[in-house]
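Following this line, the structures themselves.
Here chain A shows up in two complexes: once beside chain B, once beside chain C.
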Partner chain A sequence: MDTDNSVNLAIEQLHRQRPRSRFVRYSVCLMLLVIALSWLLGDFFTTDLFNGRRLQNLQRFLQELIPYPLQGRAFDWAIALDWLDKILADRGWQALGTTLAISVAAIVMAGCSSLVFTLLAARTLSTTEPFLPAPLGKHSRFKQSAWWLVVAITRLMLIFLRAIPEYVWAFLLLAVLGISAWPIVLALALHNIGILGKLSAEVVENLPTAALASLRGLGASRLQIAGAAIMPMALPRLLMFFFYRWETCVREATVLGMLGFVSLGFWIQDARARNVYDEMFLLIILGAALIMGGDLVSAIVRALIRNNR
Partner chain B sequence: MIRLSRRRWVIITILIAGLWSCVALDLNPAGLAIGAGGLGLAGEFFTHALHPALQYESAVPAGTIPILLRSLQAAWWTLIFATTAISLAVAIGMLLGFTASTAWWSEDLTARDTTWRRIITAYLAPAIYGSTRILINLMRSIHELLWAVLLLAAFGIHHMGAAIAIAIPCGGTLAKIFAEMIDETPRDAALAMRDAGATPLQIYFIGLLPRALPDIAAYTLYRFECALRTSAVLGFFGFPTLGFYIAASFENLHYAEVWTYLYVLFGLVALVDWWSGKLRRNMLLWTQTTA
Partner chain C sequence: MAANGARLLLRNVSVRYGALTALDSVSLEVQAGEAIALVGPSGAGKTTLLKLFNGAVRPSTGEVSVDGRILAALSPAELQQVRADTGFIYQDLNLIPNLRVIQNIVTGRFGRRSLFGSAVDVLLPSRSTARAVYRVLEQVGIEEKLYLRTDMLSGGQQQRVAIARALYQQPRALLCDEPVASVDPLRARAVLALLKKLSEDNGLTLCVSLHHLELAKEFFPRLVAVRNGRILFDKKPDAITDQEYTEIYRLTHAAENNNGEPENTHQ
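Right, the complex of A and B next:
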């Protein structure tokens, strides 16, 4: 009886000592409120969701997903393969290749150019006295605020780049640059510079500073430190992020064609406009296969990097 | 023969792949050198970045709400679609995340004392696990906008369609990550519970899930930011989010208005980014003090 009581007391005490944060609690309340408001005010439950016309439409749509030559007859492998082969030869393979190339070109561009912003955005490097304790009063206020400004502007720009979705970037750039692969690749690259720049800057800031500080103490310049120590130390993580972002690039590349550059998304949009739903569905599945392939390659490479530090 | 480390091979392969795709796409710097018309357009568009519109650039019908109010309204709609979608996605993610984890049936956490339980762990559970994994992959591998296209074709334009289009791939991704996080949770408490005679479900919901919860919440917040961007883009398909007005103003050549909407989108994303970052740090502190 006595031990029971003391156990209960101990539990109660632990319960009272649990970490609490007012910010987290208010945030959760706010979140629940916004979720409730969204469901209530979003017009999600209009009465015509399942009216007769919509159901008819759905039924027709589901029927038209079956390959056209097979509609209204028994399934036949020869006909199905013939249909598949024709679409793939006409545009399927070419669209897949273009989409893949878009994703690779974009991520390589983003990866290379984000390195510059990474260094500028890293608070440990972009400062008057990187990695060393600052000697008091040695540096002018002006110099300090100049470096602070460099970091602030770089970070603000990175936030802006990643706040605008790839699709919007592509839409704007297509009008400005005309239809070619450039706007699509640049749109993907710009958004990913924003993300890679931020993630990599955090990696650089979290590096163990002993080696970097001793290099600086020996008089190495910022660029020398970056080339000789920061890059080799941060590389495995940066490559991880690179491949992780490449997966998303493949994902986005499948839809950016919808804006007009001939790739997978273009043909999907085209099939949709012509109401050829069987072909649209096939192309969407092709895109899914490409994405799964990309995920697989990325997972394998990331495992390779992880096991070879 | 020089021996290169794997890392170097990876980098060389990346660079070669990058070159190949530039050649395949016919990307040369000359393509960027736009003609005089294009340059004028680009100049005009980007100079408007410095003075976004505070009023409509052309006459509007009487009774139209001011542009600032309208952009806030569009931001609110963007938020509505994103929150609805993410709440659906969390439900999907929790459900599929449970069946896609190994923790509720793996050998070390379940006692095989009855024939029934043996059958479940040997045949039924792996089948459920496997089919959930396939389902998750299918959901994830079709882009939000393609789900939107499919749902538009199937149901016509409807707000629920937009929310579901975001929720499906998002829910699949959440399920995958949730399952991984739960499987990676330290199993000391779970094993102690097993030895005390708890059922697999008790172990799952008391021994594993609460410990993975801060990580799960942090990741969900990150996905919420992604849902917000997708929600904005859905405007291009006719939903009343920011994308709708960006496209409409751009097509009317009202570049200053485009920048107003872009800045509001930027503000919305930056706000949510800041808030979720602060929340994540708070929760991280939480796990560190309990650990």
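Right, the complex of A and C next:
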């Protein structure tokens, strides 16, 4: 019993002495305070989300989403398919194809060129003696600074590329290149080089270094290590980012159509302008289907790479 | 293969990691073609000592030279040449897990290959490259694994791949860090016999770190005992006195006594 007590005492003392993060405690308090204040001071109670007129609006809107030939009558497959076929033939397939083409062109450009920047931005590789202790030679200071500069410039450029939204890039490029698919492709590519380059560089920096150091230790060059060790080790994760960004590209290629080039977004806006909500809804669904298809492709490719033995 | 081995030399070398002194004013000479065992308990400084010879560890003070060339004075290109001539088998093997065995092994010769040549070796190895890799795998007895993914092999097989990579490199000196720490006693003897035979056949200098003194005595004509970063003795096995023997053995025994489980020597 005595020993139990002394153990309890020791535990208590250790508990009192445990390291505690002030930041966590204060930020939790602050968060609770902000929630309470915004609840009390905000205008949640003065506006009513569900007043009568809004409900009516919602009901009418939902009615409008039903294909026009079917409104006010029993559902009929023949009529519905006829309606679907007409819209798809008119512009659906074309818009879908264009959106897909833009997104694929953009992500392939971004993916390939970001690899170069990835290697330059990875601090473990862009240094005088990657993965091993740097030599003490008389020029090594200078060389180290030069490498530091390479990393800094590359990273700054990547930040710049991704800090400007796709929409703004597209807007600027439309003014320069005129209305065609290219401004959208380039806008998506530029923004995604910034994102993919940064994310991939982090992956490369966080790879376990022992195997890479062992190659350096038998005299391999940077590019040999990058090609034979870094790429195979990082590839599954790089592909995950690649496909995720492709998915975003599909979405953005849709949205950027609203700037005037004929992708899904153009026709969505067109349908909205003509108050043809059923058609608009169909085109939105097509966009979502495209993304789901992309997700499926990405899952299959990554599973194949993982299990390729 | 290289006809003669490299001569390895340490002169008053100390290595410090912050406050920790891993090696304390160590001098050691290994003649070309000689085979030595570094013995001593975990954490004695054996790994650090081996890593000095391919420049993976830089001495805080003192001089490391290979064939009379002081490593600290070499240009990057010259250092690369020394590294291309120095094979290293790591305790953790350090293979690339998701490459095929053949791809891992061809990386061994990267120090002497152009970028284009090494890309071809990895992606589309020529018939003669494949043959050379197959011959090396035959020497370690797993030639049938040529095209398997490396992480599909067992631990012992992966270790043979690491040995094969170092052999394919055609080094003039082969440094092995605890090559038998993670294998059973039977396999340990086989691995050491293999390393010994390969170094004799090819005339290369061999340095093997072991914490098992009995195995070291059985296979090596020269034993260098390291303890607390210093060399305790450097002798032929039969010249070791009982006192020296018990002194080092007491320490190594303590390190191995966890049911034969060797202690982790990561630093």
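The rule is short, and it goes like this: the second predicted complex is superposed on the first by the 221 of 309 C-alpha atoms of A that agree within 3 Å, B and C clash if a C-alpha of one lies under 4 Å from a C-alpha of the other, contacts with A are read in each partner's own complex, and residues count from 1 in each chain.
What we mean here is this: a contact is a pair of C-beta atoms (placed from the backbone, for glycine too) under 8 Å apart; a residue touches a chain by one contact, two chains touch by 3 or more.
Since we're looking at a predicted model, the values are computed, not measured.
In the superposed model, A:P165 makes contact with chain B only, not with chain C. Touch criterion met: A:P133 reaches chain C, while chain B stays clear of it. More residues of chain A lie in touch with B than with the remaining chain of the pair chain B and chain C.
Once both structures are placed on chain A, chain A residues 308 are touched by chain B and, in the other complex, by chain C.
Touching chain A in their complex are the following residues of chain B: 5-7, 10-11, 14-15, 17-18, 20-22, 24-27, 31-32, 34, 38, 41-42, 45, 79-81, 83-84, 87, 137-138, 140-143, 145-146, 149-150, 153-156, 158-160, 163, 229-230, 232-233, 236, 243, 246-247, 250, 258, 262, 265-266, 269-270, 273, 275, 278-279, 282-283, 285-286, 289-290. Against chain B, in their complex, chain A makes its touches with residues 18-19, 21, 23-24, 27, 34-35, 37-39, 41-46, 48-49, 54, 57-58, 61-62, 97-98, 100-102, 104-105, 108-109, 111, 159-160, 162-165, 167-168, 171-172, 175-178, 180-182, 185, 235-236, 239, 242, 251-252, 254-255, 258, 268-269, 272, 277, 280-281, 284, 287-289, 291-292, 295, 301, 304-305, 308. Every residue of chain C that touches chain A in the complex is listed here, in rising order: 54-58, 72, 75-76, 79-84, 86-88, 90, 92, 94-99, 103, 107-108, 110-113, 115, 118-119, 122, 148-149, 152, 169. The part of chain A that touches chain C in the complex is made up of residues 132-133, 135-137, 210-211, 213-221, 223-224, 227-229, 232-233, 308-309.
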